[in-house]
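Note that the chains are named A, B, C and D in the order they appear, and that numbering of residues resets to 1 at the start of each chain.
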Amino acid sequence: MSYAVELENISKSFGEVQAVKNVSLKIRKNEFFSLLGPSGCGKTTTLRIIAGLEFPDTGRVMLNDEDVTDLPTHKRNIGMVFQTLALFPHMNVYDNIAFGLRMRKVPEREIRQRVKEMLEIVRMEGFEKRKINQLSGGQRQRVALARALIIKPAVLLLDEPLGALDLKIRQHMMVELKKIQKEVGTTFIYVTHDQTEAMVMSDRMAIMKDGVIQQIGSPHNVYMRPVNKFVALFIGDAINFIEGTYKDKGVLSTDLGDLKVPELSGYTGKSVILAIRPEKFFLENNIPSDIDNVIEGRVIFSIFRGSFVEYRVELDNGQEMVIFQPYLVAGQKIYEDGSRIKIGWYRDSAVILSH
Amino acid sequence: MKITDLILKIYTVFFLAVIYLPIAILIFFSFNESRSKIVFTGFTLENYYSLISNYAVWDSFYNSIWTAIVVTVVSVFLGIMISYGVTRYEFKGKNMLDILMLIPIIIPEIVEALTLLVFLIILGIRLSPYTVIIGHIAFDISFAYIVIKARMAGYDPQFEEAARTLGANEIQTFTKVTLPILMPGIVSAALIAFLQSYDDFIKTFFTRPPGFTTLPVYIWNMASRRGFALDLNALATFIVVISIVFAYVRLKVERW
Amino acid sequence: MSEADVGRRGFLKIAFAGATALAVGSALGYFAREGEVSTLRSENEALKKKVEELSSSLGVEVPTETQKNLNVYNWTWYANLALVDQWAKENNVNLVYEFFEDLDTAITTVTTGAANYDIVVISDNEAQELWNEGYLQSIDLDKIPNFEYLPEGFKGLPYDPNNEFTVVYSYGTTGLGYNSDACPEGVSKWEDVFDVDNPDSIIRRYAGKVTMMRDSSETMGAAAIYLGYDIDTTDENELKNIADLLIAQKPYLYGYVQTEDYMDELPVAARYCISHAWNGDVAGIVYASDEYEVYIEKYYETVKYVVPEEGAIAWYDNFVIPKNAKNVDVAHEFINWFLQPEVSAIHTITIKYPYPAGIKYVPKEILEDPMIFTPEELWDKLHIGRALTPEEKAIRESYWNMVMTAT
Amino acid sequence: MSHRREPWYITILDRIRSSRRIKVFLLVFLPFIYLIIFFFAPFIIALMYSLGMFKQVVYEFVFQPQISLEYYYRLFQYPGVLVAIQRSFYYAILTTVGTFLLSYPVAYYLGVKLPDKYQEMVVLVLFTPFWVNFLLRIYGMRFIFHELGFLNMILTTLGIVNDPIKILGTDTAVILVMIYTYVILMILPIYGVLEKLDKELLEAAATLGASPVKTFLKVTLPLSVPGILAGSLLVFIPAVGEFVIPELVGGANTVTLGTVIYNFFLRVKGTMGWGLGSAAGLIYIGLILVLSYLYIRLVGGEIRLG
């Protein structure tokens, strides 16, 4: 199978700082791929290496099976949407979008046609003559997207383009981006520190930390099966950890007693962490009969969040757990502060992480 | 508070009046019938006619303009290069360079002019209009550098990266994106450089060849000859008018 | 044109419309010989008109031969530029005529070689020094047939006995000019401007209203004469006294000013009224000379010139051709033209410095004005500078620096 | 995608592009060489000259491998040189203080009090005279200060003085003309700072109970210090080197360092002038550099021009 982008053992340092460490990555064609991580994790550098705006110290960059490691940006067929959008302030919407085509010496007649089509795709018809500073944030976003897409890039790189937008517009734009990506079918590589954006839009994503890729997978996969504590914490709203020692046959010995956990080989006798997402718990009366683990705790406080109720529960060993309970019907019972409740979960809802 | 505001206002108006006084007097006497610049005897436009037919004035005016244009183009060009390099790249000695670039501004012109003259003479370089231009550029690069660098500091390098991802090569990126965006700073720098050169007397005076007069040198020569001609006052009026146009253009450009 | 017409009017009154120049000049000069001179200002206009008519009928034809270049470096207000420009136009010479305001600047400019001039007008001993140091080239008198018009007294002067490198330009004295309205008692001796210890002296009573020259040899020379030394003394004690005297005088001066400054100021005498000055400059003021018109009657009678009783410096200015001159032939042509008696005479009449080649055409009033033509009897107390060696100059320079920097 | 065919210069550019070092060299050091040749080299030559390393022989300057401090030694034998240096600084300090005192109220009024809609026009009005050739302006000033000029005419007409007062040729004339010439360089940066000053700060001070005078002293003035410092530098440095103004409106007793240097170079007939001039010039540069260094240490290196 051929890939849109392949990175092989890419490393890049800026002076003392090693921004990217031996990164290898294969991004499929027509995929919406996200690079996710906290600021300074090397995701933007990786993106810029794909764009040719930075050159790797070691390693190889392949675009559509072609080695472009030493090729300058303008000769790689890529599009990019920048964090600041970088719309040219001295040009109007039309000229901004037409820029890439003009650089490619496309006849003006064809440019007019393609800009028109592009404006339809991003739903910005009639804005051709507007100055950039006369546009709203969302409109600029669309123009930037149109400008990058019109050159039919092999891959579109997006560097936190939604960062500057209000929450509402951002949520709207996320869906919009996803739609446009499906419509044009271009490979998108999307850099963000916001896990929601990555979760909403990505087909697959890579989580980076300190220049190293921690995990690559679909949002579902990464959410459900984080490979380490960092990924587990970074993805999702919250997560609970319970420390213990792995005994044989899927049993974890903790100071809460033995807990049933997924059966794994090679962990016997090792000290590990059990990670459980807050929504995986059942409380009191709702605990099914075939549940694997049940423990007790005391409700510290509860927060009504609309679609669910968030509880903070103190376990007997003093550890605090976060539990989300779906709020399904009006009048559903909300456990009072200070009341003791039972908490249960299935062994497969939890993930074993090594230290 | 009101009374202090009023005093301030009156003072400011007075200040402006004083600032304008010497020029007003030049203009006033440009209409003087007699050759005196101290006693006004009657109104005439004679001085304007004689200004128009004064070949030497226009010749030196022309020299001032063309040298200033050459100086402006070269020093702004070099200024752009240096400020671009300094804002874009990290390199050893950058801070040192930044300070060295200030030196031409802080060195007194007379010292600069005379050392340049000694230098040219020692190298056996014959004085020519080009030696004048060389001297002006050495001074103006620094001004261009400072003004353009200030503009570049507020300029987002992502514009250039965006252009490159869209397929523009280095030259296209520079001409189609960098330059147009930096234009207000460049225009400002160019105006400053132009005026520095156009108004320069000391350096021109020392590095010019015989027979090459710019306007300030002409004014100096004329004034040191007997009978300071009142065409020069007429010329002052002319320059005031041009200056107002210039100042206006500059203001418009700054608000760009 | 009717030469006789003008002649019969019986006066010499050369009014200049800049365009007339040579042809007219020589014609008018011709009549000066026999014409008796009167100075009726009202007739000026009529004559001027006549001259303009003549010139327009002649027309100015610009020769088609290739353009020649000439760079002249001369004192300000020392030649009739209208006439010089006309010469350049008629001979298709691209003339660059630059001024200097003091001799020291001129010499520095000439010796650096950064700017090259084809003709420089420079004083006697300075010319000799430049020649000795190798900055001048010799002048070919064969190319200057008009040299013969110079009176014998102006050929082979002591500083250049064979006229190898100089041709006399003009001559005169350096004395004191003053305005008798502003300074009724007048000045007559160097003592008046140097005796700063005496509170009743002119300089003390007119403190801040006296100027000296910027020229080192003139100002140091004046002080030397006052102190009774040789004007070119290189004796360190004497020089020290000279410097001390000048420094003591400095607080009472308006300043060291240029020719143009005192020429503007003396008639008005608002800023100052007594100036160390050259005779011809003061004459220029007195006659309110103008390059375009001829005035033979005095205009500012109150401006006076005296050669101080103690004596004064006399000087000869000369054409010289620097070694790095490029247009040597044209330079010779220019000198030759200037020595044409009529041309020299017109210069004398308009500028009010004596240009010896034209003496015979100069009207009596001018010729007999002691301000312009230095009278014979004065020569006894006049001193002419001698050429100094570089070492001697260095000694004097050091004391002059002391004066210039003193405050 | 395939490689597009590019013209040769692009290929060269690509090679340049891949090396930061080449880029820096081309962009920064190549143009900087111009300054090295035509600005810094002359100073080296002047330095060599002042150390007696050149000898003049008929239009030629012959290098002689020697170093002597004779010119420096001689320079300080002239007591006048030190006085001239002092006087230059005296003029420059008075000019700086004068421009500051005279222009601060104007800058304050324009920057703080004047409604925004007038700003553009007033700035235009304020700056226009300074676009007129400075020599002409100085001649204009000369006409004003002349004994028969405008100022004395007014003074005598009003009966304030009986005889015209003497201004030209004195320190007063030099300082006044210098203030007139340089005042704009002081207004510019102060106005720049005051105009950008957040007016809410002043209101905040008022709500905190500060009187207008207190507000000015405790808020406005301290905040305009960067502008004042920049303006002072812009005025002070050229003022120390001023040569034309003392020459045109000064007299025998207004000799400044600029005049001394000029005299050494051009008004001295002899052999030492240039050496002395170079030495004086270098001492001068040394003083200025030390002062600028102190200034940069003080302000942090930013010189703002308007």
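The working rule: contacts are C-beta pairs under 8 Å (C-beta built on N, C-alpha and C of every residue); 3 or more make two chains touch, one makes a residue touch a chain.
Nothing here was measured: the structure is a model prediction, and the numbers come from that model.
Distance from each chain's C-alpha mean to the overall C-alpha mean is smallest for B.
Of the two interfaces, B-C and A-B, the higher number of touching C-beta pairs belongs to A-B. We define each chain's centre as the mean of its Cα atoms; on that basis chain C and chain D are separated by 39 Å. With centres defined as mean CA coordinates, chain C is found 93 Å away from chain A. Centre-to-centre spacing of chain A and chain B amounts to 56 Å, using the average Cα coordinate of each chain.
In chain A, the residues touching two or more other chains are 72, 75. Counting partner chains per residue, chain B shows two or more touched chains at residues 117, 121, 169, 228. Within chain D, contacts with two or more other chains are made by residues 6, 17, 146, 148, 265. Residues 51-53, 72-75, 78-80, 82-84, 86-90, 99-100, 103-104, 147-148, 151, 157 of chain A are the ones touching chain B in the complex.
Note for the complex: chain C touches chain B at residues 71, 73, 76-77, 96, 98-99, 101, 112-117, 258, 260-261, 263-264, 284. The touching residues of chain B, when paired with chain A in their complex, are 156, 158-159, 161-169, 172-173, 176-177, 180-181, 183.
Chain B makes touch with chain C in their complex at residues 117, 120-121, 126-127, 209-211, 221, 224-228. Contact residues of chain D toward chain B in the complex are 6, 9-10, 13, 17, 20-21, 23-24, 26-28, 30-32, 34-35, 38-43, 45-46, 49, 54, 60-61, 102-103, 105-106, 108-110, 113, 120, 123-129, 131-137, 139-141, 143-144, 146, 148-150, 180, 183, 212, 233, 237-238, 240-244, 258, 261-262, 265, 274, 277-278, 281, 284-285, 288-289, 292, 296, 301, 303-305.
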